[in-house]
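So, here come the structures, one by one.
In what follows, chain A forms one complex with chain B and a second complex with chain C.
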Partner chain A sequence: MLRLVLGRLASFVPTLFVASVVLFLAVNVVPGSAARSALGIQATPQALKRFEHQHGLDRPLAVQYVEWAGKALQGDFGTSFQNAVAVGPEVRKRIPVTLQLAGMAFLVAIAIAVPLGLIAGFRHQTGTDGVLTTLATLFGSTPNFWFATLLIYFFSLRLGWLPTGGYTPYLEDPVANLQGMLLPCIALGVVSSGLLIRIMRTAVIEVTFSNFIETARSKGVSNVRLVTAHVVRNALIPFFTVSAVEFGFLVGSVVIIEEVFRIPGIGSLVLVGIINRDYPVLLAAAMSITVIVLVVNLIVDLAAQLIDPRQVQVAR
Partner chain B sequence: MAEAAKPSGRDGGRTLLAVEGLQIELERRAQPPAPIARNVSLRVDEGEIVGLIGESGSGKTVTAKSLIGLLPDRIRVAAGRAMYRGRDLFALTPQQMRAVRGAEISLIPQDALHALNPVQVIGRQVGEPVEVHTNRPAADIRDLVVRLLERVRTPDPRARAGDYPHQFSGGMQQRALTAMALSMEPPLILADEPTTALDVTIQAEIIALIRDLRAQTGASFLFISHDLGLVSSLCDRIYVMYAGEIVESGARDGIFGRPRHPYTHALMGAAPRLLGNPERLSTIPGRIPQPSEEMAGCRFRDRCPRVESRCAAPPALREVAEGHAVRCWLA
Partner chain C sequence: MTILRRVNWRRYGLVVATLPAVLLVFLASAFAPVISPYDPYALDVLVMLEGPSAGHLLGTDELGRDILSRVIQASRTSIVVGLVAVLIGASGGTLIGMLAAWFGGAVDAVLMRFMDIVFCFPAILLAVILMANLGTSVLNAMLAIGIIFIPGFARLTRAVAQTVQRQPFLEAAICLGVPGRRIVTREILPNVIGPVLVEAAVAFSYAVLLESALSFLGLGAQPPEPSWGNMINTGRGFIDQAPWISLAPGAALFLTVFSFNLLGDGLRDVLDPKLRG
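Moving on to the complex of A and B:
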């Protein structure tokens, strides 16, 4: 197991390298000028030139990349073009916020997908399956910002049960923190569950066609016991492996949801970085999202292997 | 049933299972159902080991699985009775059938590796029939499992009960499945090619085990196989199945000493002389007809070396000697 974790951690290095190069290129290819964004439309050409020279933006991209990467490796992500605030500490402050949001939303998605996918798969090609599969399609194709707005309208404005947005740190006030997180987590989780329900359903169908399910039936096992003792654990192995991919999409959606609910996480930082062409902010925020996705993928993979005795055996 | 073969049982034992006129059909879209088993009648007496042999696709596995209601989707029993201890197995409700499975009639599946749940320890799976059918305390069941594993000659049974299936060899897995089928001491055990995936020495062990178990427990076995060598050494009586029909039935010595049906003949010719395990019996030319293929007359006609004009009419299963029935005009 330890060797497996170390191996996976080592594989982060090339992944992060490639991700950083792609990000760096993408940021610089996007039309629009960082200098103009920072200085405003009235800025003189000389002022723009001076700004670009100051921040090294007039040098070749490769040189800029090496300099940025070298500093980033030492934990220095530079300062914001906008207000000269150090980017590193700002990102570090926001990571837990996004991690909590994405993590809880993922749990919501799994909590919806596992039971529904289980029922759909076990009753596949029946009316129940049809209803659940349609529901999954509906969930998966709902734009999450629209769904979020709907949630705010009903639960915050009409019913007044929950805040419309904002963020309270957990350590400050746990109840207020969870109240604020509930709607964004549901908005993200329900939409993500669309694909996860289908993944679970497919996994369950595959398992129910296994010979050992027939063996269990031949022993006189009831349907409930069949599912709890034989289907669930076997279906969760492929489910977890595939659901790790969905987590990546979920984190992508965090950008919009944080904006909708005014949550000061990495996602809103990405948005600010894009709008202002604030390269240091954008790069640091996007890279930290990459790291979050990689780490969560690893955790989910490990979970999948822990429930599979064959894998544990190999990895021991 | 006019076609019911009634060869006399071994030691004149009481009849345990009597299947009569069993018709199994595959439901098809926009077409009439295709028969998979046609008017099958067979009998298993108490303490008997009965062989059901035939090529892949002859309908033998489906026939056996229909008895415990484990037919795949779209395959169903269309007609017939399976009288087991005064009850018709085909008339049971799902709940009643569940009470029969594993307790009254159990199954030793083929393909041991895939027949075991990969994420559950062996002991739990072996003891599951007892867990499901009785209220015995968990500690009792654990002790029983150890005794069962011991009985099927698993070395160090107490420790190995905690192993996962992938930690067992193929032979050990098959023995565990056998222990599982025995756990409720059912009167009837359906053994579906239980040795197909095993190599020959382990095959011999499993066969010896089944023979011992019959002697110890008095259980009856319906032993499904395409391997004539195994069947000839193990079974008291034999049914030969071809394309969904019983084509010959009788006591072992009758069938092997004097096979009357050309298909049984061909099977014996196709069986390898020494060792080996042919999945396909290549020396019989042609292939087994699909359930969907309607054939007038004898269903073996196209492949039969002795085909005659009267084979265009369907032959009936008729008794040619005491307890020996054949479905062939030439017998």
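Moving on to the complex of A and C:
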């Protein structure tokens, strides 16, 4: 078991390394644009040179990467080009906000997907299954930013039940915090549940046709017990492993939803970094989102194997 | 009517049902200038923010432009971005996947490991970052979205190609001394095309969605060029007085994505009935 955990951790390091290189390259594809957008269109060539020299942007990319990665590992993400404020503390302040949003949205998605997926799986190849599968495609096809706009229109503007956006820290006012999180979580969760319903359905169908269910049935296990103790429990494991991938998509969608609801998380920091061409901010924000996705995948992978050693081969 | 009865509806039903919607989207974008009731760029200060009426079926926006005409015009952006992005993703991914499967060993390991890592990035995050650097334009949106699709197609193609390579007829071809290039293009490629087509339909709908998301964030099509994404974003500012500005392009986007997703499901039924779970 220890070997397995260590093995996973060992393969996590190179993944993180390559991911950070890809991200660093993606951010630095076009050289010189950072200085220009920081100083404005009228900046003289000398001023641009000085800015680039000052921030070390005139050095080879490899050198820049090593310096950035070395400092990032110590939690130092440099200072913003715009206002010379340290990026690290800003990111650390925003991570819990995004984690709360993504986590609660994922719970909404699971709360929708598990029951609907179970019913579709049990009613395999019937009208109910057809309706639920189409519903899953319908949910998955919804543009989350449009859905969010409609939610704001109905629940905030027409009915006045919930705020149109903004964020209150949980420790300050739990009720206001949850009220503000409700619509963003629904917008993210319903769309994500589309794929999750299908995953749950497939998992249930696979388990239903396996031999041990046949055995249990022939032993005379009651239908209720068969479903709760055998089918559901065994279907949930592959469901959670695969759903980790969907969690990645969900965390990415945070970039849009935080913008729509004016939530000060990492997603909105990515946009701030892009609009200002503020590379230290953009890199730090994008890297934290990537690390969140990778860590969640790692945890789910390990948890699935701890719960069910048969999963070793299944993990993607 | 006997023809209708002879059709295997279980197999073809979904494709037949979604085809009209898919055709509608393509025809609307192909004949946009002909069927648009107004010039999508024409301002008319006399009818600003007017609700749906006989004159303007879907109402007008904050500059008095006809929303129906703009929704139709915007479908062109979505369709072109979708097609080009899928073309980039499918051709790049198919090439990489087939190379990985054919050469195996280190080539396979390096290529696929890299694909896995690109795949684990949230797509929208990668798209947003690429757009910021390539510059905001429709052309770059196609490129950015296309690049994002490559790993998915590569994985799929590799899996299918590996299955084909294990088949006896391929061993026979190798034994007969058929040259490798001929085996890849004549034996493996035809088998790969089916699954790639199914994936392409789904990828198309996702490309349309991603393009709208980019335009919504101001990183894709730039105003006054209409795009479903930037129309929805503009409408947010007037949502209280004129909800139709966001509602109409969003509904068009939603229905397009939905019908292409269903088409993907339908193509799966047609090409591989065994796969329907």
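The rule is short, and it goes like this: the second predicted complex is superposed on the first by the 276 of 316 C-alpha atoms of A that agree within 3 Å, B and C clash if a C-alpha of one lies under 4 Å from a C-alpha of the other, contacts with A are read in each partner's own complex, and residues count from 1 in each chain.
Criterion: a contact is a pair of C-beta atoms (placed from the backbone, for glycine too) under 8 Å apart; a residue touches a chain by one contact, two chains touch by 3 or more.
Since we're looking at a predicted model, the values are computed, not measured.
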item	value
First, second, both or neither for A:R277, with chain B first and chain C second	second
Which superposed partner A:R233 touches (first chain B, second chain C, both, neither)	first
Touch count on chain A, higher of chain B and chain C	C
First (chain B), second (chain C), both or neither touched by A:M287	neither
Chain B versus chain C as contact partner of A:L157, first or second or both or neither	second
First, second, both or neither for A:A216, with chain B first and chain C second	first
First, second, both or neither for A:V114, with chain B first and chain C second	neither
First, second, both or neither for A:L183, with chain B first and chain C second	neither
Shared chain A surface residues [contacts with chain B and with chain C]	none
Complex contacts: residues of chain A adjacent to chain C	15, 18-19, 22-23, 26-30, 33, 124, 134, 137-138, 140-143, 145-146, 149-150, 152-153, 157, 201-202, 205, 248-249, 251-253, 255-256, 259-260, 270-271, 274, 277, 282, 286, 289-290, 293-294, 297
Complex interface listing, chain C residues touching chain A	113-114, 117-118, 120-126, 128-130, 132-135, 205, 209, 212-213, 216-217, 219, 229, 232, 235-236, 239-240, 243, 246-247, 250, 253-254, 257-258, 261-262, 265, 277
Contacting residues of chain B [partner chain A, same complex]	68, 70, 98-103, 106-107, 109, 111, 114-120, 125, 128-129, 132-133, 164, 166-167, 177, 180
Complex contacts: residues of chain A adjacent to chain B	210-212, 214-222, 225, 229-230, 233-234, 237, 307-310, 313
